[in-house]
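Every chain is named by a letter (A, B, C and D) in the order it is written, and numbering of its residues begins at 1.
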Amino acid sequence: MKTNAVNMTEKEYLLPGNRTCPGCALSLAYRHILKALEGQVIATVPASCLTVLHGMYPLTSVTVPCVNTPFASTAASATGLVAGLKALGREGLTVLAIAGDGGTHDIGIQALSAAAERQNDFLYICYDNEGYMNTGNQRSGSTPLGAISGTTPILGKQQNQKDITAIMEAHGIPYVATANASYPLDLYEKVKKARGVRGTRFIHVFTPCPPGWSFSFSDTIRIGKLAVETGWVILYEVEDGAFRLTSASESIAKKGNLRPLREYLMEQGRFKNITEEQINELQGWVNARWKRCLDRAVNL
Amino acid sequence: MSRKITRKASGWILDGNHAAAQGVKLSRVQVIAAYPITPQSPVTETLSEFVEGGKLDAEYIAVESEHSALAVCTSASMVGARTFTATSAHGLAYMHEMLHWAAGARLPVVLACVNRAMGAPWNVLNDQQDSISQRDTGWIQIYARNNQEIIDSVIQAYKIAESVYVPVMVCYDGYVLSHTEMPVDVPSQENVDRFLPPYKPHTILDPANPKNYNLVTLANPRVNAEGVLCHGYMELRYLLQEALQNSRETIIRAGQEFGELFGRSYANMFWEDRLDDADIVIVAMGSLAMEAIVAADMLREAGHKVGVLGLRVFRPFPKADVLKALKKSRLVVVFDKNISYGLEGATCSEIKSALYGSPINAVIRNFIVGLGGRDVKARELVAAVNKSLSSLKEGGLTQEYPEWLCAI
Amino acid sequence: MTKTSYVNTRSYEIRWHGRGGQGAVTAAKIVAQAAYLEGYQGVTAAPSFGAERRGAPVSASTRISPQTIMVVSQVENPNAVVVLDHTLLKYEEVTSGLVKGGWLIVNSRRHPKELDFKGDFNVATADATRVCSNLRLIVAGLTVVNTAILGAFVRATNVVGLASIEKVISERFPNNTIDINLAAIAQTYEITKLEKIR
Amino acid sequence: MGTRDCQHICSESSPAIGEAGTTGEWRDAFPVIDQEKCLPVRQNKPSCFLCWLYCPDAVISRTIPIRINMQYCKGCGICAQVCPACAITMVNEEEFCPSGTD
């Protein structure tokens, strides 16, 4: 029976009154990730918004064990946790490495790539708000072309983001998926499935950021859905090489009602200086990637 | 809100980060590679705005980590470009390998360290553990007490670095200076151009005259193709130490020239406040050296003859100058915003080594203060000095371990 | 030349209290700029250090002095406390350390007497929120009162004049926001109610 | 008073509600539920509960009727935006406190 809002476990692992901004998609995503893992987890978190969500000593707003680690070493830290647990013969816990896009696409990619090549047995989740939001929104490897940030203040970013999920798939790991905080049930199912898989697993979770992207914090869910409806985010999973579109992306593929990317871009202040040329370039990129997904999907 | 900075006739009002960025712009830096980290990030943002707004003709590389930030700078400097990076705490620590490399390669990179506490655990506030932890990497270290000294030190850092071919770290307190606005006189571009000649690299990267840099270097000296006996590894390392030892003259001359051109002399390795008649000396570094002057006032009003030695250059450590300055002191109270774990504050050890073997028989007391942004008030400095005074008789010249101003 | 002692030329210290997004830090900086324009050699303005969250309490400080300011530690005994959001008054540290005879300036529609403060300091109030919402001075959904409250600050303390504050706003704010902010300051100045201790 | 009594030798945190203080004070508007429109209330059986699903701070109870923990609700307004029955509206804080209590 598919999980829904009514039958999903009541137990929460995120306590009220945490330090995230109002309308934070990370807070929403993390809530459902921990529910899907039933709290049977040791998390390792680098310097990031999630560190701030966890709170300030001597308090934390999260009821699972968590090991903070310097920015570049999330996957290495997770590897250490897995090795330690194995050495002590402790089983049944999922080691969850969870970092932002800066900590995954940029400073932490070396440690992540090595861990994936070693097939270290942990679940790595990248919550992607497309910029260094914890330090006030500087551009990252995931910031889109044309987006304003603290370090691309006037001209906007001149390069498009890297496709980290494709990079991770290229490591031949058993489970890779994309998810989106605006589709919590799809995220919940994917984390639950990933929990049962052995080896390195990677889930790329899209988490819109109200202050960073300049939209009002009541619109987080709407912006996240718009990203899928315009193809900026494609919800899929790749299990031992089999590519399957999921949730809204699957229904959009079947109905063929992808909406123009402009509708998504115009909702966000970070794109206020984006040029027509950049919009067209992004639309072309989205269309090409959407087509690749349609060709690969086994469930259409 | 685009910032039209108000400019009174003589000066602007800038926080430390903006002062540093202005210094980089005036120095006509050509390659900037930096990674965001609190509290440094406004420096990278301001420089990005200068570059994108056409106000600074430079390449801004948004690297993926601090380790790469310095790797970009060292190679750009090797090619002959004037380079800059800025970081704090864990960013500086992550650069550690490259800090050694840049100094060993004798590259005049200038780095702004916005001083911040080291983890674990996480703390984004100010102390000087980060730059002090890098004191053995072969970099010259200059500490600023206020935002005027930040912009002035960045400009002088290039003059110094490019004369002695040693990289320079300009350190200033995170938040206490980096995010605090105060009046700053911004020199004119013409005067800075007059002060700062173009960078002439000691390296040649030209296919017409191919040279290879920093290959494997054996323990013993080795003869080259022309029969000349060249250095072994140790000789190269000795030359780096020699360069740091000799850089004192360059630092003082640069400070003098700066004074002649801009009206603010830096012909010193530390700031002296009423040391001439002082028998009690407070030693501090960075913005704490300003607060210490207020403490000295309070102690003077209570009848003590107190002076302040505000350390400016921590590497090369000015032993001879310190010796001269402390010759009349009977009590030296050293406040460290760092701790060399297992021993004492780093400044205290350097002061003791400076006095060793000299006729000065001063009692030395070391207080660890202000770690992780713990506020340090002038009256607390006064209390520490008074406590040291009362322990003069039975305390002995030094104590085994420093005292901490904290709530343990 | 006798060395100026920094002990008795204690600078005039202001502590600002607001919530993230209300512009308390900008207000602190504007007063520092204005004082500098009026010839004070020593000015500093600093935010409270740490992560700011929209709606969460934040504070900032300004120091003004005839000499260069040497004190870098945090403000402990402010001469004036400016409160941009009256709901913060319940926090004890908002008024803690306010010197005898100092000024507490609060953005509130109630008369100082109704706030019944048991401290030996003067109280001034002005409904800057209403002034700003009438002027549609809204940024990202929040009524921004940081310039308006400066009207009440000047009216109560007179440490800096309206003219220099207006000069800073005209030089530093984007053109299309200058007039609305100047109006907010002037209107708030007029409606400020002062209650001096007897 | 020394802090040694906490016995920690490293930064060891324990879970607590309200780590960031009463975040309810951050909001400038708060959610009000119209019980006539709320589906679980109207059908008097567990259904919908999207507001519970989408709340980033887990301050909405999955009960009939729904209760919101006002001490910690940050007033983001997501529940109002996702409610299919438009049963939740955001009300400005100012209007909420009666003229007397400032």
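Here is the rule we go by: contacts are C-beta pairs under 8 Å (C-beta built on N, C-alpha and C of every residue); 3 or more make two chains touch, one makes a residue touch a chain.
Only a predicted model underlies this, so the values are computations on that prediction, with no experimental measurement involved.
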item: Most distant chain from chain B, judged by the mean position of its C-alpha atoms; value: D
item: Where chain B and chain D are represented by their mean Cα positions, the distance between them in whole Å; value: 48
item: Inter-chain centre distance, chain A versus chain C - centres from mean C-alpha coordinates, in Å; value: 42
item: Centroid spacing, where centroids are CA-atom means, of chain C and chain D in whole angstrom; value: 32
item: Mean-CA-position distance for chain D and chain A (Å); value: 25
item: In chain A, residues with contacts to at least two other chains; value: 19, 21-22, 57, 216-217
item: Multi-partner residues of chain D (at least 2 other chains); value: 11, 20-21, 23, 26-27, 74-75
item: Multi-partner residues of chain B (each touching 2 or more other chains); value: 120-121
item: Topology of the chain contact graph, where touching chains are joined (line, ring, star, complete, other); value: complete
item: Interface residues, chain B side, partner chain D - complex; value: 120-121, 407-408
item: Residue ranges of chain C touching chain D (in the complex, touch as defined); value: 19-20, 53-57, 86-87, 108-110, 114-115, 129, 141-142
item: Chain B-touching residues of chain C, taken from the complex the two chains share; value: 3, 5-7, 29, 32-33, 36-37, 41-47, 49-50, 69-74, 76, 167-168, 171-174
item: Parts of chain A lying in touch with chain C, wherever the complex brings them together; value: 19, 21-22, 52, 211, 216-217
item: For the chain B and chain A complex, residues of the former touching the latter; value: 35-38, 41, 44-45, 48-49, 52-53, 60, 62, 64-65, 67, 90, 94, 119-122
